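To start, I am sharing the structure in question, which I have written as structure tokens.
Chain nomenclature is as follows: A, B, C, D and E, assigned in order of appearance, with residue numbering initiated at 1 for each chain independently.
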Amino acid sequence: MNASRQSSRLAAWLPRLVVAPSLLIVLVTVYLFIAWTGVISVTSSKFVPVYDFVGLEQFARLWATPRWHIAVENLFIFSTLFLAISIGLGLLMAILLDQHVRAEGFLRAVYLYPMALSFIVTGTAWKWVLNPGLGIQKVVNDLGWATFRFDWIADPQMAIYTVVIAGVWQSSGFAMAIFLAGLRGIDNSVIKAAQIEGASLPLIYRQIIIPMLRPAMLSVVVLLSYIAIKSFDLVLALTNGGPGAATELPSTFMFSATFRRNQMGVGAASAVMMLMTVAAIIVPYLYSELRERNNG
Amino acid sequence: QGAIEVMHHWVAESEIEALSVIRKGVEAKGFQWKDSAVGGMSGANVQQALRARLTAGDPPGAMQFLGWEGVQWAEQNVVRDLNDQAKAGGWRNALPPQLLPFLTAQETFIAAPINMHRQNWVWANKKIFDDAGIPIPKSWPELIQAGRKLKERGVIPLAMGDESWQVEVIFDALLADLNGPEFYRKTAIDLDPKALGSREMVKVFDMLREVRGLVDANFVGRDWAVATGMVINGQAAMQVMGDWAKGEFLAKGLKPNKDFYCFPTPAPVTSFQYLIDSFGMFKVKDPAVQKAQIALAETVMDPAIQKRFNLIKGSIPARTDVPVDEFDDCAKLAFKDRAEAIAKGGMIGAMTHGFASRPEFAAVFGDVAGQFFVGTMSSDEAVKMLVQGIENAR
Amino acid sequence: MAEAISTLPSPSPAPGSGRVTKTDETPRYNRAWIGRLFIYATLIAMAAAYLMPLWVMVTTSLKPLEEIYGGSFIGFPQNFTLDAWRVAWSQACIGTECTGLKPYFVNSLLIVIPAVVLSTGIGAINGYILTKWRFPGANLVFGLLLFGCFLPYQAILIPMARTLSLIGLAGSIPGLILVHVSYGICFTTLFFRNYFVTLPDDLTKAALVDGAGFFRIFWSIILPTSIPIIVVSCIWQFTQIWNDFLFGVSFTSGAHSPITVALNNIVNVTTGRKQYNIDMAAAMIAGIPTLLVYIVAGRYFVRGLTAGAVKG
Amino acid sequence: MSTLEIDRVRKSYGSLEVLKEVSISIDTGDFLVLLGPSGCGKSTLLNMIAGLETISGGEIRIAGRVVNDLSPKDRDIAMVFQSYALYPTMTVSQNIQFGMKIRGVPKAERAKAVQAAADMLQITHLLERKPSQLSGGQRQRVAMGRAIVRQPRLFLFDEPLSNLDAKLRVDMRTEIKRLHARLGTTIVYVTHDQIEAMTLATRVAVMKGGVVQQLDEPQTVYDRPANVYVARFVGSPSMNVIPGTLRVEGDKVMAVIEVQNRPPATISGIGLSRDAAARYAGRPVLVGIRPELFSVANGQPGTITVDIDVVEPTGPDTLAVFQLGGVEVTARLPPKQVEAGTATMLAVDTSKLVLFDPATENLIK
Amino acid sequence: MSTLEIDRVRKSYGSLEVLKEVSISIDTGDFLVLLGPSGCGKSTLLNMIAGLETISGGEIRIAGRVVNDLSPKDRDIAMVFQSYALYPTMTVSQNIQFGMKIRGVPKAERAKAVQAAADMLQITHLLERKPSQLSGGQRQRVAMGRAIVRQPRLFLFDEPLSNLDAKLRVDMRTEIKRLHARLGTTIVYVTHDQIEAMTLATRVAVMKGGVVQQLDEPQTVYDRPANVYVARFVGSPSMNVIPGTLRVEGDKVMAVIEVQNRPPATISGIGLSRDAAARYAGRPVLVGIRPELFSVANGQPGTITVDIDVVEPTGPDTLAVFQLGGVEVTARLPPKQVEAGTATMLAVDTSKLVLFDPATENLIK
């Protein structure tokens, strides 16, 4: 009796024991490291970490750096457009693919493949495609439309939009996949019901189906924001932050501050700013998600 | 005997070939060479990797240093001193004194230099120059003038890409050429706020704006080597680039002064903007590796090795006592200019590659020059931004 | 009601009445084919746009270098050659070692396989615990794990290097695997948890009554039913780890490097000359495993996503 | 007038023939129930009436007009789905008026119609809720509301009650019955629940494998099933179909049935046409006896003695299961009259007893 | 001997009290049905018996041994789940023997046990299939097979029939009943379907909101429900509970009920203890009349005349709905005796009529 009581004790603790190593790893590799970054951001670290305390000096320095302002502004432009366009395109592709098209598998693979390739090299291909003298502009000019201009990548005002284009190319297939999955989960009879009521297909999608994709939409928004905030090799490969600093993003700023400019403290400060932004997006999402799950 | 891991960022074909000279030298001494190449981002990737390695307490045996890197690591007390080898090899006398700040810390040698690149070269297509009847320009205004003329003839006057470092190469040249090497020293090295904010600085940016006018619209994302290619095949007339560009011409079988011109960026006082690659050794416990480190240092400083290395790499040896006979005309010109510059005070480190101010400041110059070049900023604004940026980085 | 019927439009003769219509997926009404045309036109145009960079890469890899430097960046190769592919695979120099990508390809496999297996396995068991063996604070644990997905990795390189050296794994493949696993479990736990939430609790209960224990239930009951989400987790982890450069370059060196580091060394030339054809061939060689994984298992990806990540 | 005529309608999915020449015709105000097991093609037929599936052959006419190629919205129908198919992102009120909105009905009119339907269905207090906040029965009512405001010529229901629990199902059934009585519209209703069919229909079409087995009034289907399949499918517990032999003695028609461990039982007083009696005299037949036709006998003649196997009290009645003629037979008896394991004498009400041909399994008329 | 004793058992989830001091005790061979609406805590109680939920208070004893802290596998129980919880990746045979495999039963023995169970449940031909290839009824049988091979002291069933369609449900019900008779094991069975409870149970525990309302034999629960809640919950259609007034004239006890548009009706001949009659004389009571207690009267005295609203023929019977005492009342009558919209005279069988206190809603004894 007693033995079995003990064994049921053990059984009660076993799950916790098994999950403990994961938790420990994450506590160290995520939270301890975040704490470390936080500490560095209030020190005068430059080339290597030093552990003095200089208050918020590095944050002041960070915000006095024009490049950082550009980075923050770019992040805002980039993530807004990137999200909006990826969602729009992803949704469009998903809806069209959902119309019982032939070769759906092939098309889906085509839309998804950019996710699989590292931008270290697709960046070069994109550079050429976007280059006014080599890519789209040249092709169109050669076809006879001589005044056609598509030279955003050379224009500091417009270059960030080329990053958006490449980012959309890379990630909209992913949005498509999630939306497609969501569409497949929708009860067919809802569409039939609306048909009987006389709604046209576009109307059905606009008024009924797209609103029903809310959970998928939420996932897409969160995952794409995550991609947007972490975008790094995308920018490095495509524009390397240029022309000038026109396509700097917080992640590239952080990297170059830490490893190119020997301003580890500033880099840490920018990391802290980024983490705070991420937390501002993710924590409410997590909260609502987990609460919902508990109820359901 | 021992094995030594050498970390570097040489990944291009000619770079690798040159490095193999050293490798073979070390291997000839009976040591093993373990190669750790990390290319990209002008060495930032390898910096990051190295920092992770040192943080982990697992440094490589040797590391290729650029700019202040060696000194900075020496400040962290992780670099082995090479004084014994330097004394035995007479390094101090064999090297230009201007290099010592990058190679020594508190009077001890911490790195062995292999080569010296000159950054402020102009490469020109001889046929275009001859056809247009343009002589080699003697000053920047003349160069601009010549450029305008070429443009009218339908040639792209200046081939370049929009990468910040390519802009900086020109900026560095202008900084020294327009106002003299002394001004360069005051601004790029001493960061004197008065000089930084002076009228002369404004002039530099004004000229940079003029240079911008010589470049075609499709310069985005263009590699320097592609730009060189444009000069070779006659699409463009000139390129301002370090002497690594020479390899492109030679590879095509072109001959200096017969098929192409190489001349320093024009100035009343010709400066010699150098950058050197050196090898530093990290402190390690393993005696076998320590021996290999010595072997590497000695190999690097071996004049014969330096000659062979630089014949391939396109640069000139860091040592001043290597015979010049086998080098090409451009290199010979470099030898000559260097001797002159050492004497006249025209030897200055190239800021672009970290041989002037420390990285946090050099980067500000890069930011401003890069943004100025591709944008519409006025020269006054650029100067203001420069002064503030330097102040903020202090 | 009566009015409603009387105000109906008088029946008009329907077109094609009495004809035996062809069987189709959905009823075909007026001008349906215009819609189909629009759908296909859009999908194909979009596919073309998506394939453009791939087209550029493929054609470039088949051109001799001279042709590229001669100005032909985009367009069909005039002198078709497979040299670049051969060089990239077995001859290209990465530093002074001219071995091509081959050994690094093997390295990456050595890294990616254990890392994917471990992170998927741990994620699976975490998901299992967080849904079927809930304990007080389980949600907090999940939340803590999940936030790890959103960490900007550039910020943690230095402390991670320090930690790896403390446990003696610095600069080794096992160390890199550990790094990938520790950040990977954040994602895999998310996937598996969301999937297992949809598995009925009765399954676990039935097995408990049958006398199965914690691990037995996981192994015999839960794992065999989670193939779709295992596929998703593996695809995701495979892509992430295979394409990782940052961790690879930071925590391994030299001959231990993963393929992305080697690829970077081929591609990322600053003061040297770029060999675009080899770059592109190398890039595609490096991308082939992930592409294969996507194409072969892509169907499960969409299906598994429904089950795993999307349920909001 | 025929509101709905289904005229030799066929449907195939590729080579699979799902409906084989189905012909049904109903009048205005009729309540047609399509009854059949899962997969027999009920939903397919309903969807074809609605215009949601193409017609492979034959014609469907609504109010005399061929609708084969008419889109759903032009057929003047409304449909209630098994899953209700409420638009989850809209409130109840928006759900109900969505169709009107599409047709461009002015706002005021829409509001009035919604109010009227909500009053009728007693869902006024729910109008601002989302479907996810409703219980099953409430959702069902909203789905009906959506159909009602359409004021269609024809209502289509696809198993609208099958998602509800037993208790609610009974309530909603009465509700639908009442609605039909009030609105007087023509209804086509799909179900596999025979009780629903019996209580709701004015006409029942029993289907099996894409073929209509019987189209009749419900009580007729119950009392005079066209074949064994219909007999067994309609009624719960099922009709007992017992092998026996027909004996004809003059005017008297009797069925002789084997009883385990006892002499054969004879059920006499079977009503059968002279003609049929002559044809089947002395030949094997299947005797169909509904469970409620049994009663506990007090020793009158013509009774059967059986050994009760299982007794299942349901509350108002008790079901007794026993062996007869080699098959298991269920009798519905008043509570507490029998006990398991005892021998009991049972009488049979022969007025409603039916006979089937063992070969064709069709009703012997 | 008591096989299962549930002794003042409580269960809370945080501050939510799901079970409040539940005490039930049953003997070996009993078939206990836990009956109650959704969310009343039936499954929770069953899970606590199985050891799948912790017990917040009280004791559960199986065969006299306290099992509060015993793990499920040591409790000598087997359980059949509502969703059957078959292991989807295993074949039927593997599903059935999984538990034995874990207990280390040798292969030959396992095979024999599987064969025996499969024979009993007639699923021998399914043994190599996966659960996804089975119909609902077959799955249900496999789940039972898995429980049977365990040969437990106690069987637990959690709504095993609620996923089946009406027809199959009836069949499987008989099957379970027979199984119980054959194996003689003690069974605890959860359902919210009162017919199942009535037909299967030897003891029914009617639950509501975590409290046992009545624990009795099924017929007792049906005939003498402890309160209005039980009365309404058990029986379909529900018991009619009609407000009325008790009149006592000497020995005769009568209930007076208002009838719409007519003089009040008096139902006389109610059996009530002298004591109770005295207490409630002249006071309002709730009169409980089951639908089947009504019959069509032929003008005898003591009948009630009502206007029939709706008539629902179910086949064997007809349900008539009308107003009485201000509430809607349903009567179960033989087919074709009444028509909607007509006035009908109905008699009431008072022997089974029950009375409730309007304040407490408890049965007046």
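Some notes on this structure:
Simple rule for what comes next: contacts are C-beta pairs under 8 Å (C-beta built on N, C-alpha and C of every residue); 3 or more make two chains touch, one makes a residue touch a chain.
No experiment lies behind these values; they were computed from the predicted model shown.
Taken together, chain A and chain B share the touching chains C. Taking A-C and C-E together, the chain pair joined by more C-beta contacts is A-C.
A straight line joining the Cα centres of chain A and chain D is 56 Å long.
Chain C and chain E have Cα centroids lying 53 Å from one another.
In whole angstrom, the spacing between the mean C-alpha positions of chain B and chain C is 41. Counting partner chains per residue, chain A has residues 11, 128, 131, 134, 214, 255, 258 touching two or more of them. Those residues of chain B in touch with two or more other chains are numbered 41-42, 48, 51, 55. Multi-chain contact residues of chain C (touching two or more other chains) are listed as 26, 158, 160, 264, 267-268.
Residues of chain B touching chain C in their complex: 5, 7-16, 19-20, 23, 33-43, 45, 48-49, 51-53, 55-58, 60, 165, 223-226, 229, 233, 235, 242, 244, 247-248. Looking at the complex, you find that chain C touches chain A at residues 25-26, 35-36, 39-40, 42-43, 46-47, 49-54, 56-57, 60, 73-74, 122, 125-126, 129-130, 133, 135, 139, 141-156, 158-160, 163, 179, 181-183, 185-186, 189, 197, 213-214, 239, 243, 245-246, 260, 263-264, 267-268, 276, 279-280, 282-283, 286-287, 290-291, 293-295, 298-299, 301-303, 305-306, 309-312. On the chain A side of its complex with chain C, the touching residues are 11-12, 14-16, 18-19, 22-23, 25-34, 36-37, 49, 89, 92-93, 96-97, 99-101, 105, 107-118, 120-122, 124-126, 128-129, 131, 134-135, 138-139, 169, 173, 177-178, 180-182, 184-185, 201, 214-216, 218-219, 223, 226, 229-230, 232-233, 251, 254-255, 258, 267-268, 271, 274-275, 278-279, 282-283, 286-287, 289-290, 292-294. Contact residues of chain C toward chain E in the complex are 200, 202-203, 205-212, 216, 220-221, 224-225.
Interface residues of chain E, counted against chain D in their complex, comprise 38, 165-167, 170, 173-174, 177-178, 181, 192-195, 198-200, 218-219, 222, 234-238, 290-292, 310, 312-317, 319, 321, 332, 335-336, 340.
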